[in-house]
Amino acid sequence: MKDLDLTSELVPGLKLKNPVMPASGTYDYGDGANAFNPSLLGAIVTKSVSAFPRSGNAPPRIHETPCGILNAVGIPSEGVEAFRRNTLPGLKQYNTALIVSVAGETPEDFAQVISCLEEENGIGAYELNFSCPNLGDGIPFGTNPELLYLAVKQIRKVASRPLIVKLSPNVVDIKLMARQAQDAGADILTVANTLTGMAIDVRRRQPVLGNIFGGLSGPAIKPVALRMVWEVAGAVDIPVIGVGGITDTTDALEFIMAGARAIQVGTANFANPKVMLEIIEGIESYMEENGFTRLADIVGLARR
Amino acid sequence: MKDLDLTSELVPGLKLKNPVMPASGTYDYGDGANAFNPSLLGAIVTKSVSAFPRSGNAPPRIHETPCGILNAVGIPSEGVEAFRRNTLPGLKQYNTALIVSVAGETPEDFAQVISCLEEENGIGAYELNFSCPNLGDGIPFGTNPELLYLAVKQIRKVASRPLIVKLSPNVVDIKLMARQAQDAGADILTVANTLTGMAIDVRRRQPVLGNIFGGLSGPAIKPVALRMVWEVAGAVDIPVIGVGGITDTTDALEFIMAGARAIQVGTANFANPKVMLEIIEGIESYMEENGFTRLADIVGLARR
Amino acid sequence: MYVKGKIIEQRKLRSEYNILIIEQAEIARKARPGQFIMLQAWERGDIVLPRPFSLYRILPAKGQLHILYKIRGKATLEMSRRIPGEEVKLIGPLGNGADLPETGNIALLGRGIGAAPLMAIAETAYNRGLVVYTFLSARKRELIPGVVDFTRYSSKVVLSTDDGEENEGRLLTVLLEELITKEGIKIKTVFTCGSKRLAQGLLPMETKYNFRAYVLLEEVMACGIGSCKGCVCKVRTPGTPEGHAYKRVCKDGPVFPASEVIW
Amino acid sequence: MYVKGKIIEQRKLRSEYNILIIEQAEIARKARPGQFIMLQAWERGDIVLPRPFSLYRILPAKGQLHILYKIRGKATLEMSRRIPGEEVKLIGPLGNGADLPETGNIALLGRGIGAAPLMAIAETAYNRGLVVYTFLSARKRELIPGVVDFTRYSSKVVLSTDDGEENEGRLLTVLLEELITKEGIKIKTVFTCGSKRLAQGLLPMETKYNFRAYVLLEEVMACGIGSCKGCVCKVRTPGTPEGHAYKRVCKDGPVFPASEVIW
């Protein structure tokens, strides 16, 4: 076991000890509730932080669907100032890469959050959440190729650290979005966020969620997310982090074999708070049993 | 019970006896294998017919995913001439509306199939399958608003019968696609086809499906399809047929309350060949128990 | 804490209620009344989320937890199929729990399955020497669970059913008011669960009779531990621009001062 | 035909094999050997599709169907948990079935679970007075199912295991050839199932020894009744531009002339 190399160097200076990390907004750090030490993760990823405090959507915010959940949380955030003061110090204590997820409605919002965080040390990368279907009304720029390019370019200017762009799956051509992000200066891509969905309560004769629409996550969307990871990994040269419905080691291996150099686990944390640890161990066992020594040996294996 | 009015007049001349019909490509008519008499259905919908014979994709074509299936059948078709000769006569014998689904790679393909079918009687409407992710390589015109408009306009010219445009869900803005179809002359919209997905066989280290990509259907996609029906029903004036993951009466009622004037059942037919009959009866019971007399009373109920 | 537990007993009550008895010593030792657990008593299948259940009884000596539950949908149906010896997974104990006064009388007002968390409060209060008055309502008599147990821990158990069989279906708040005014009993703290109307009915009584009313809220939960921000309720929060904020039922609650909740 | 059936017995064999005995008189009356059913022996959950299983034994007199199955994934695991008295849903009988010759000798060549449909063929052939020679292989002896039953219906049962315990792990086709050449037995029809290599090995023998070889194919199925076009295999088809076409295993098969299949 000691010869196994699970590290994944996403970009110079951002080398993960293993390829498993939580998906933004789905995992809590360090208040005793944790089922294992977050320092064991390949990275920790924060809930998306916005420039100013936001309260999020009216409840109900969660609804279970077949093999999935709809969430209409709507990115509540303490705002970047409070985040720096209250939350960040705790997160820096873990002995692993720290990725701060950033949300906003305009490129300026993102730039503002990042400018503020640039003064901090101990942050490994920013993940730009361009894909939240719960924010605002218009088509978010996460689904328009030109706007995406311009947004990344503008944000790139203020960010000295690696930029991860988290893409929305609610698009025609994810490859195009990925190339736009790469061309505008993204270092890494996370593929993908939630699919927009809804549910109706037939008894009450109205939409279930307070916000009507929500983001669909969980095993239900895995085939779609995996397809997008496959497409993007073939379309860009920068690393891809795969996310969407990963619930066990086999799921994680599917994403890695499709070309993902790291994976995120979201919804699956709720039912099994130890699932990320199990997946790290599962990848190790898989590599050992199949004679692989480096994680890189299995990245993109199904494409060859 | 005898006072219940389940009819749904989609357009003048196309009045369904009830709002339940099979989704194209998922139901077989009349070779003794049927679990009930297809004449009881609101309509029958054929497997998509193309201009010339097509053999479809290499197997494996089917793979089960959590609460869904991927299919990469790829629209095999006997071609419209053989369809007229061999298949159509049998379908005309049923005492219900007949909808012929049409597939093609170019608007000309569609026009050719329809021109050929215009000479036949007994057809109630054409459903244009613009959304098959398994055809060809480029972005199909089902996902480009301008191309969709032009295609429908061109096909409209040769079709004297009602045109149903079946939209692809793999788009940013389904409302826009719906309005384009309406403006170009579509009479009815079917929302929506399958989401593009894939699966990897970790043991064999390669994609499961012969075609790599397939269309995701079944309960997994229901929240996404329902959201699109809700959006489209609010964006156009023409009737909407809802489809995607409907497996029981409650699912069907969700789509109807979202604004669908009829619904299609696909994947659910495989496990329960009587499911459409059960849904027709279930809608009747629901209406009776809740004091509704006309189907129209519950269409869009959750929007009010 | 994410742990395994073993089912000791699956007890069917009348109607759709069941009691599930789980052996889980660690949680039983740590838990306080008013807290809850996230339970998974089924294999993955199409159910993605664990489900929150109040602790109906906490038996640290036996290392047991009792859950009183109602069969509502697919998760609770699956739950009702588990048999003794089978394993379940639990996250807990979760939530703030109920703060009992040091001395004095408390009143518990529950409707239907809302009685569940009140039992643990009754038992704990009784054991600490507080005097407990319990008021329970439901559509009909058989939908009021645990009356025998409540009687053990309460000085008085008052029932009311919508069908009029018990107390002519009168409001529990009115019956509480009668206890206070007619019998001259002083109440220090009230806990209520299971009905928005009940909680709202207590509000004008708080100052009038000088008690503090707390409500145990429910909201759909994903994580149960505060991370998903899914389970919020609107709570009066001085100092915020709007004067209110969303609080997480799972972490900031489930017990809230009734007067702070914005329904 | 879409019908309900009742589980009569769940029999565990050695290894991962089970036999499920289902009471379903109508299908038992209509079915022919080589046909299959689509089975649903679980509640919906996350399993969307019914699963195809060959008829291992067809007992019209008792109104019973026997399914020999191997636990592979979630559906077969669920199946193995069903107990006598529980209900299952079936679609069937499906497929073309095996055409037996009027007279003469037949040979059956099966690998692993591929033996399942061969049993029904063996039994039917035996009952019609045909002489049956059975050849079965697997990795090891305990993975060859039903040897006792095969012995009842066959003049000879020849085994071969990869671990060399049986017949030094020699190829079944070679063992068949020995039967024909050394023992002078004339074979009219061969059915094979469970191994592509086996089926291909038979091809050069067809003309040499003048028999017709049929292969029972498997492909992932959704509907089982011919409507979804999901379960195709490539079959030589004179008259088509390419000389071959996709045929549906569920409706045009599962029994195909071995020489027509393009692997």
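Observations on the structure shown:
The first chain written gets the first letter, and so on, giving A, B, C and D; residue counts start at 1 in each chain.
Criterion: a residue touches a chain if its C-beta (ideal position, glycine included) is under 8 Å from a C-beta of that chain, and two chains touch if they have at least 3 such contacts.
A quick note: this is a predicted structure, and the numbers were derived from the prediction, not measured.
Touch-path distance (fewest steps) from chain A to chain C is 1. Farthest chain from chain B (centres taken as the mean of C-alpha atoms): C. When the C-beta contacts at B-D and at A-D are tallied, the pair with the greater total is B-D.
Between the CA-based centres of chain B and chain D the separation comes to 36 Å, rounded to the whole angstrom. With each centre defined as the average position of its C-alpha atoms, the distance from chain C to chain D rounds to 57 Å. Note on chain placement: the centre of chain A and the centre of chain B lie 34 Å apart, centres being C-alpha means.
Inter-chain spacing, taken between the CA centroids of chain A and chain D, is 47 Å.
Among the residues of chain C, those in touch with two or more other chains are 44, 46. Within chain A, residues 66-68, 219 each touch two or more of the remaining chains. Interchain contacts join each chain to each other chain, per the touch definition above. Residue ranges of chain D in contact with chain B, taken from their complex: 1-2, 40, 44, 46-50, 89, 91, 219-234, 242, 245-246.
Residues of chain B that touch chain C in their complex: 66-67, 219.
Those residues of chain C that touch chain D in the complex are listed here as 44-46.
Those residues of chain A that touch chain C in the complex are listed here as 25-28, 31, 33, 35, 47, 55-56, 58-64, 66-69, 71, 73, 76, 218-219, 247, 267, 269-274.
Within the complex formed with chain B, the chain A residues making contact are 65-68, 70, 139, 143-144, 170-173, 195-200, 202, 205-207, 212-214, 216, 219-224, 226-227, 230, 245, 250, 253-254, 257-258, 301-302.
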